[in-house]
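There are two complexes below, and they share chain A, which is joined by chain B in the first and by chain C in the second.
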Partner chain A sequence: MSLLEVINLRVYYPITSGLLSKRIGEVKAVDGVCFKIMDGESLGLVGESGCGKTTIAKAIVKLEKPTGGRVIYRGRDINSLSKNEEREYRKEVQMIFQDPHASLDPRMTVGDAVEEPLIIHGVRDPEERRRRVEELFDAVGLEREHMRRYPHEFSGGQKQRIGIARALAVKPRLIIADEPVSALDISVQAQVLNLFMKLQKSFNLSYLFIAHNLSVIRNTCDRVVVMYLGKVMEMTDTEEIFRNPLHPYTRMLLEAIPIPDPQRRKKRTFPPAIPRRVIKGCRFWAQCSEASDRCRTEEPEMIEVGAGHYVACFKV
Partner chain B sequence: MNRLVKYYWKRTMRSRLAAFGLVYIIILVIVAIFGPFFTGDPNAVNFAEKNLPPVGFSIEHSVYDIKSGEFTTVVVKGSLKHPLGTDDKGRDLLAMLVSGARVSLYVGILATGLALIIGSVIGVTSAYFGGVVDNALMRFTDIMMTFPFFLLLVLIVFIFGPSLNLIIVVIGLTGWTGTARMVRSEALSLRTREFIQALIVLGSSNKRIIFRHLIPNVLSIIIVTATISIPGVILAEAALSFIGLGDPSVASWGRILNAGQDSLDTTWWVAVEPGILLFLTVLAFNFLGDGLRDAFDPTK
Partner chain C sequence: MPLTLPNELLSVRGLKAYFYTESGIVRAVDGVSFTLDRGECLCLVGESGSGKSTVALSILRLLDSPPARIVDGEILFNGKNLLTLPEKELLQIRGGRIAMIFQDPQSSLNPVLKIGDQIIEQIIQHKKMKKSEAKKRAIELLNDVGIPEAERRVNEYPHQFSGGMRQRAMIAMALSCGPEIIIADEPTSALDVTVQAQILEIFKELKDKGLSILFITHDLGIVAEIADKVVVMYAGKIMERGVVNEIFDKPLHPYTRGLFECLPTTMKAKKEFPYIPGTIPSMIDPPKGCVFHPRCRYKFEPCDKDIPKEYPVSDTHTVACYLYGGGK
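What follows is the complex of A and B.
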């Protein structure tokens, strides 16, 4: 059963100008995106900066209102929930942010920060709250003694663990992780990723795991969605994407993964992207080595090329 | 004590001027609260001891002698009985200044407090809700800002008669605009921070976000604004009293200053003493404000 379904999601930002904020155009941050997250699955969402990944995350947690399309959570459209259903939704879907430092209130001890969701969701007994906070600190690998410290006394990795503990406090089923490790040191990244995987088992979680780097996705996700400028380019199993990448953009992303070997230097120069408003047809053609005349005039539809392997490209 | 408070305390005390300001203000507050119990009645008139100079000073008076019909010069010395001298009605200046400190601090703190509460609530609300709410509140602030507040004060005092509490309310109700602006700009940048978004995702109420997270985070600005606006208010009250629109039933520093200005060439101390006190008080609050601002600024 699918836990969350995103159907033809569109989020446009108006471009305004002048004194009266006249609308002179719009940025199509997310332009018709569809995907599903199954119960217990972790889905990776990859693409370069500005391709709309974070906007999708924000639309799912209702920080951003979609221009069109729907987000369905367990059969209900999240933008037409009753007050009680909304409360329930706020408990079941949580977000972990990119910048661990900015995601904690600098004037609140981390123990209080993790306790706060419990207060918001009506756990009245202070003893029980305390016990739950201690359990959460254990679960994310933090020392209980650190509960009374302030965020600035922690490292980036520790702060991200605190953010994770806070998200877990409400016992969510789905966690939207918006580039949770990209602000961390490489050595810490692996630890935090391992924590994510450990928690998925023990808390029975589903993930939407956003990254701009396919190597982060490789060990954590079951399936991958590759996005480019607001649209899905390719969607398939993680294994399949590394073994048989079909879209030229996916191949480009794979080539961009650094290889820790100074002898093996690759040619990694790509032509610059052209602003999307200028482009007709496939949004990738200007950077694509295989673009034909058809790509310049017509936008490719998403087609299923194998079992669960979808690609939007004329070349496959 | 809260560890954050301790940290900022240490940073503030790094500045000697701020430490001086704080010590001065603490002494002033103690004097204002307990002083009047030890000094005499500030309103006790005694013409036999009028125009006495402060201790250590002397002044020459021309006295008309009725018997000889001539003017003779008498040297009057200040005495310890009235260490700061007396005014033209023989009232003890020390007693007047001490009770004046009470008035000045009362006005300064209450009016500033009122202005800060209004200003921060309007500023934070405006920033947090944005859009129409923001526009409406900020245009209202603009209108309030263009109001010539001193003129309004003069007008109201003229209509309703001078009363200290009325002056406080008027200053409070008109003086919040700067705070609202500053708090709003800070809260605007806070609102986009991820911890506020995390709270929304957690389903927190707006009330909780505003009072538990936004206000504590703009508190540094509020405190700094308070220390900087208190002297402004004290000066406003003094100015009002100076031009004769103060509350006549209380001996504020401004009123003493006003009374002394006519005889600056002879009984200079009546005007100079409250003037020095006003000057030092304003300076002390400003030093403390500067120190606090630097302490709250992580880049310093």
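What follows is the complex of A and C.
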């Protein structure tokens, strides 16, 4: 069963000009995106800066109002929930941000930071809250003695663990992690990714994992959605995307990852991106090595080319 | 005059840079030596807190003092010690013969000045050139680093440039005075992967033109792509060094090996990630003996007592670990 479904989601930002802020156009940050997250699944959302991946996350947690389209959570449209249902929704869907330092209050002990969501969501008994916080510290691999410390006393990896504990506090079902390891060192990244995978099993979580880099997704996600300038380009199983990438943009993303082998050096040049406002047709054509006249005028539809493998490209 | 080999362009010797803070002395760089030869690219590899950026800033005396102080060592550039050079002479070298590129092009550019004017300012500072000539040169430079329509874009402001374009502009600025060395501190970490690949191509071209590059990164993929020599740092000290193929074919230090195992690209899907347990130690109170021993799975008797020396395993490859010499 799908836990969350995003249907034809659109988020446009107005471009205004002049004293009266006259609307002269719009930036289509997210432009007709569809995907599903199954119960217990982890879905990767990959793309470069400006592709709209964070905007989608914000729309899901209702930090951003969509221009169009719907987000369905367990069969209900999240924009037509009652007050109680909304509270429940905000508990079940939690977000973890990229910069663990900026997402913690420097004047609050980390124990209090993890306790805060419990207070907000109505766990009244202080004893019970304390016990829950202790359990959470254990679950994310932090020492209970550190509860009274302040965020600056922790390393980046530990701060991200605190962020995770905070998200877990209210027993969510879906965690949206926006670039959760990209601010961390490689050796620490691995520890935090392992933690994500361990927690998924023990808490039966679903993830929406947002990353700009396919290599981080590889080991953590079941399926991947590749986005470019507000649109989905390709969507399939993680294994399949590495074995059989079909969209030219996916191939470009894969090719851009530097290979840690000095014997396999190669020249990698890609055409530069052009401003999105001038793009007609497929959004990727300016950077695409295979673009034809059709690509410049007509926008390709998403088609299923194999079981669960969707691509938006005329060439496949 | 200290002795230098003919090919040696920059030589860092026994560098110790400490930060004097309220909570104690942070030994950010603690006895680091390496040489950069003409026309080569040396990669300084390490995680945050390893001291690699402090090394870079020490070379051009850009560390804020206080709290930082270079307590020992020398940095020889063409035989001259940059650390004792009068400020006036240093100004000619900084930005002129040795240029630096930082991680975040956004914060290295002045938002209220046109890109072109910032390059022109730099050129006039170092070369006797008229403004109109300098502008022509700025356009050439922007063109060289792959900025389309350079004549128009030279008059634009930083916010009109994308991240990749800004970093190209920073490289153009660094190249403006014809430097012999470029120090690049994580110049691609803030960029998208496809943009990163393009910026790396520019660095490769510069190297082919004979420029010497000190490239600081934590990404072994990038190292494989551009390095001739590699120096691996951890907690202010050098753990291992060698020619790029030696380090990739036969990483010896447990820390270097750990870094390779952590690479996400080398792993199979949906398996647990190998990792190095623990975190980088406090540099105020570093562990006794080898700085890496608390995280090392091969540690034995001598490791927590004495600091290992760098043991040579070939003419070019050394490793600071008791597994490879000494203490046994």
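A few notes on this one:
Basically, the second predicted complex is superposed on the first by the 316 of 316 C-alpha atoms of A that agree within 3 Å, B and C clash if a C-alpha of one lies under 4 Å from a C-alpha of the other, contacts with A are read in each partner's own complex, and residues count from 1 in each chain.
One rule holds in what follows: contacts are C-beta pairs under 8 Å (C-beta built on N, C-alpha and C of every residue); 3 or more make two chains touch, one makes a residue touch a chain.
Everything numeric in this text was worked out from a predicted model, so none of it was measured.
After superposition onto chain A, partners chain B and chain C are found to sit side by side with no clash. Within the superposed three-chain model, A:105 lies in touch with chain B and out of touch with chain C [touch as defined at top].
More residues of chain A are touched by C (comparison of chain B with chain C).
In the superposition on chain A, A:15 makes contact with neither chain B nor chain C. When the shared chain is aligned, chain B comes close enough to touch A:121, but chain C does not.
Look at A:239: by the touch rule set out above, it reaches chain C but stays clear of chain B. Of the two partner chains placed by superposition, only chain C is touched by A:262; chain B is not. By the touch criterion defined above, A:24 reaches neither chain B nor chain C. Aligning both complexes on chain A leaves chain B and chain C separated at their closest CA atoms by 10 Å. Chain A makes touch with chain C in their complex at residues 48-49, 155-158, 185-191, 193-194, 197, 212-213, 215-216, 218-220, 238-239, 242, 252-253, 255-265, 267-270, 272-273, 287. In the complex of the two chains, the chain B residues touching chain A come out as 3-4, 193-195, 197-205, 208, 213, 216-217, 219.
Chain A meets chain B in the complex at residues 61-63, 86-87, 90-91, 93-95, 97-99, 102-108, 116-117, 120-121, 150, 163, 166-167, 170.
Against chain A, the residues of chain C that register as touching in their complex are 47-48, 146, 148, 162-164, 192-198, 200-201, 204, 218-225, 227, 244-245, 248, 258-260, 262-277, 279-280.
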